[in-house]
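Both complexes shown next keep subunit A, but they swap its partner, so subunit B is in the first and subunit C is in the second.
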Partner chain A sequence: MDINSTLIAVFLFPGLLFLCAYATTLEFVDRHVYARLQNRQGPPWYQPIADFLKLMGKEVIIPAGADKTMYKLLPLVSFAAVATAFLCVPVFGPAVKAFNGDLIVVLYLLTIPTACFYLAGWYSTSIYATIGSVRALTQLFSYEVPLFMALLAPAMLAGSWSITEISAYYTANPLYVLFNLPALVVALLAVQGKLERVPFDLPEAETELAGGTFVEYSGRYYAMFRMTVDCELVVLSALIAAIFVPLSFDIWWMEVLCFFISTLLIVFVLTFIRATMPRVRIDQMVRFCWIYLTPLAMAQIILNLFLRGVVG
Partner chain B sequence: MGRGLIRRAIDWGTRKSPWIIHFNAGSCNGCDIEVVDALTPRYDLERFGMLQQGTPRHADVLVCTGAVTLQTRDRLIQIYEQMPEPRFVVAVGTCACSGGIFDGCYGVVGGIDAVIPVSAYVPGCAARPEAIIDGVVKLLTALKKQQKEGPIVVKAEGDEIVKAETLSGEVVYEKDKEEVSQ
Partner chain C sequence: MAEKITIPIGPQHPSLKEPACFTITMEGEKVVNAVVGLGYNHRGLEKACESRTYIQDLYIIERVCGICSHAHSTAFCQSLEYLAGVEIPQRAAFIRTLVAELERLHSHLLWLGVGAHEIGFDTLFMYTWRDREKVLDLLATLCGNRVNYGINTPGGCRRDLNDEEIAMIRKAMNELEEQVKYYTELALNDTILAARLSGIGKLSHDDALRLGAVGPVSRASGVPDDVRAIDPYAAYGIVPFKVITDDHCDVFGRAVVRVLEMQESIKMIRFCLDNLPSGEIAAKFPRRIPAGEVFTRVEAPRGEDTHYVRSNGTDKPDRVRVRAATEANWHAVRHMIEGDMLADVPIIIAAIDPCYSCTDRSFVVKDPLTGKDKQMDWGALRQYGIDWYRKERGVDPSRIPLPGKRFY
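== the complex of A and B ==
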């Protein structure tokens, strides 16, 4: 790849610009489906863009006790981590930067935003934000283990740490995906915790913590955080689609269609979970993740190791 | 007035996404229930981009109910000052507009506008959800006009408004005259 096409791939397509555009679209889809499930009209299609522009134009208030550098830096760092992770995920065919082990890199890059949320809450020195950030960290230790295991189990069966190769393996043997169904369920539930959505939205918990980790954030820094969460949704749904949906076509428009349909379907399932469940307590959340999700993911890994021995 | 593209985009965003926060300044709870009513799926405020926020830092519109009491006065000012600009206040209910039946009580300061500037008044005891939605939408319509034409300069003698004109010199209101334009 020469320098020009690399720059286009990183900043325009399928890099930053496409990521932001698709993130706003997915936020709209998420909110619209949520509204339809509640039997109401829902926001107009331009709503996420309007929210973003409004927040960009708003005054920024940095609390007197907060660390100014960290306050300004954290939204940028978390956004950069997600945008970098997106480059390693296959969108319409191979990823921009595919190498052996990119699955691990993506998973670790996706942990950075959560760590940033924690620090953001901690450095803004508000009691609500502190409680929210401690919850974010507690939650991180609960869902991260099952999420990692659920995404690594298919990789073990495929015998590769590269997302592109895993996807190619399952395209060649589509039926093997059926063995991964428990991992898919675990991944979808853990993603709900990662994105801090109901039933695992404890760090934000608007009605009890008044917004949690982001309580003190306003204006463009808050817009950046919102964008980060939306982009995380895109990256995670694309990642799950690449690993669990064994479809790949030679014709480019079929490939595009397949990408959109599979990610939209995943977002729909996530929204359905969000719309139909109440929020759980933090101890229930931790218990659920460690007692049900982790053993399920562990069983999946053992099964896949066994299968790997059988099919060679 | 000539405005840049970015300014226009931000103004448009401000009109299309008013996030609200609800504050009870000393209401009898009648108006609060109506505000909460207006937030239910039945009235679907998200059509206008309205979302309820838990913290004043994220909110654009402060929806206040009830007459301001001595106890809540400082808290109200504090919450108002925690909101980032541009911010608007909507007074919901007769008590919030003027003090209502509580006006003149020993513990009551008066309506919301006795403490902080109010952009829109929604009278009614209690104000209906439809009226509250109407009030916020009217506020946004007025905001659009103001964003296009700039702020209105008001001249007053004592308590009485003598003349009001836009920055470009268009007279909106003049004492002793018919109302020039809406």
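== the complex of A and C ==
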């Protein structure tokens, strides 16, 4: 890969520009479907972009007690981590940077934003933000384990730590995906926690903490955080689509169509969960993750190890 | 032992619809102490009433609360009717009851939406508020206004119902009945909703009596405290209904009581329409009211609403005292919050269906002899009352035993 095509891949397609464009699209889909489920009209397609641009132009107010460097740095770090993770996820065919073990790298890169949210809340020194950030961390310890196990279980069956290879394996053996359905359920629920959406939006919890971790953030730094969360949605839905949807075509437009349909379906399911549930309490969240999700993911791993022995 | 942190909820906070300040002290996420700070919304309406005529006061009283305005104006009109010795026509009593039940329906739908929003269940919020619009449209057609209905007047009602409006209400009730059944199903059977609401904001039967909780809060603690049944007014002596109680004693119970009350309200509205008597809608009412004092109560959607009016023979009242239902429930709030998690605080506060601006009053206690500020404790106040009655009325109330329990 020469330098020009690398730059295009990183910054234009399927890198930064496509990521941001698709992130705003998914946010629109999320908000519109959410509104339609609630019997509302919903926003127009350009609303997320308009929100982003408006926030970019707003005044930044940094609290007097906050650490200024950290306050400005954290949104960039979290955004960079998500954008990097996206390069390892297959979009329309193989990923830009595919190597053995990229699944693990993506999962770890996706933990960085949550850590940044925690630090952002902590460094902005507001009492609401502090409680929100502690909740973000508590939540991280609850959903991260089932999420990792749910995404690693299909990898075990495929016998590879590379997302592109896993995708290729399931394309060759599409029926094996049916064994992974429990893992898919676990992954979708855990992702809801990772993206801090209802029923697991405790760190933000508008009616309790007035916005939680981001309560002191404003202007372009807040816009950056919002964009990070939207991009995370793209990366996670693309990741789940690559691992759990066994479709890959030689014709390029079929490939593109398949990517869009599968990611949109995943976002639709996530929105449906968001629209039909109230927010749970932090103790209920921890109990749910450790009593139901983790054992289910564990059972999936054992099943897949067993299957691996059977199918070789 | 975790370190204690203090977090203010309010005066400006997304979970509060009006300003109030709840200072919450927590250990981890557990609330160990809660201080309720009120007084951001004082409007001086009692004093305003004293300087205006009775008819002008009706407009102020109507605006005590945006949600239970009919309950307030009913209570005020009843007070005046009692003082003037005027009996309202039967048809007026039925129209008052009808509007009161429509108001209860819209208030409970509003509460269900607010409660759902507090726990992040915005879909239910959108659904209930959509259905609430139907009731508001009915009220707008019947009374001319969506919120401050202005249908009550001393001596009866200001507007009559025609057949077209009756048919419209019947149609809307059929639609709403379906929706309310759905909400009842949801409130009773949805597991996540039940898990979220059960066991929080506990208020036992005895505590409800001790702290003087009223309305759905006390009914959810198994106290059949409903003024409509205890002390019937308007047409409530004629309209059959069931007093809904529940023994969950928590926020879940309060939600159940409210959704079941909505079903009762729909039945009562139908009964009112079926048995609407013919005749006049208002009796002639004098401009000046003979001297006297009266204390009335009505069941607002949020609970018992009491009014005290003292007249001195002119066209202006000497004293007006309004105690909205929320004021009686504040004492229970602190008790309910303590021991629960921070995440439960907004929904526990919302579960009493608070209305801050209806509640805020300011008092200056002055010694009548010296004119200086004076405060009395409960015992001294009782002794003052005993002395006053002995001196002024020649009776000795000191031997009257203090009731251990209220009413029951």
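One rule holds for everything that comes next: the second predicted complex is superposed on the first by the 312 of 312 C-alpha atoms of A that agree within 3 Å, B and C clash if a C-alpha of one lies under 4 Å from a C-alpha of the other, contacts with A are read in each partner's own complex, and residues count from 1 in each chain.
As a convention for this text, a residue touches a chain if its C-beta (ideal position, glycine included) is under 8 Å from a C-beta of that chain, and two chains touch if they have at least 3 such contacts.
Everything numeric in this text was worked out from a predicted model, so none of it was measured.
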Report task. State whether subunit B or subunit C is in contact with more residues of subunit A in the superposed arrangement. Result -> B
Query raised in the report: In the superposed arrangement, which partner chain does A:Pro278 touch: subunit B (first), subunit C (second), both, or neither?
Result: second
Query raised in the report: Is A:Ile127 touching the first partner subunit B, the second partner subunit C, both, or neither of them?
Result: second
Query - subunit B versus subunit C as contact partner of A:Pro182, first or second or both or neither - result: neither
**Report entry** First, second, both or neither for A:Ser218, with subunit B first and subunit C second
**Finding:** first
Query raised in the report: Touch check for A:Pro199: first (subunit B), second (subunit C), both, or neither?
Result: second
Query raised in the report: In the superposed arrangement, does A:Ala210 touch subunit B (first), subunit C (second), both or neither?
Result: both
Report task. Classify the contacts of A:Arg40 with the two partner chains as first (subunit B alone), second (subunit C alone), both, or neither. Result -> both
Requested in this report: Identify the overlap between the subunit B-contacting and the subunit C-contacting residues of subunit A.
Outcome: 38-40, 128, 206-207, 210-211
Query - Residue ranges of subunit A in contact with subunit B within the complex - result: 31, 35, 38-44, 46-47, 49-61, 128, 206-207, 209-211, 214-219, 222
Query raised in the report: subunit A touches which residues of subunit C in the complex?
Result: 5, 7, 13-15, 29, 116-124, 126-127, 130, 192-193, 195-196, 341-346
Query - Contact set on subunit A toward subunit C in their complex - result: 37-40, 127-128, 131, 198-199, 201-202, 205-208, 210-211, 275-284
**Report entry** subunit A contact footprint on subunit B (complex, rising order)
**Finding:** 9-14, 16-17, 41-42, 44, 46-47, 49, 52-55, 57-58, 60, 82, 84-86
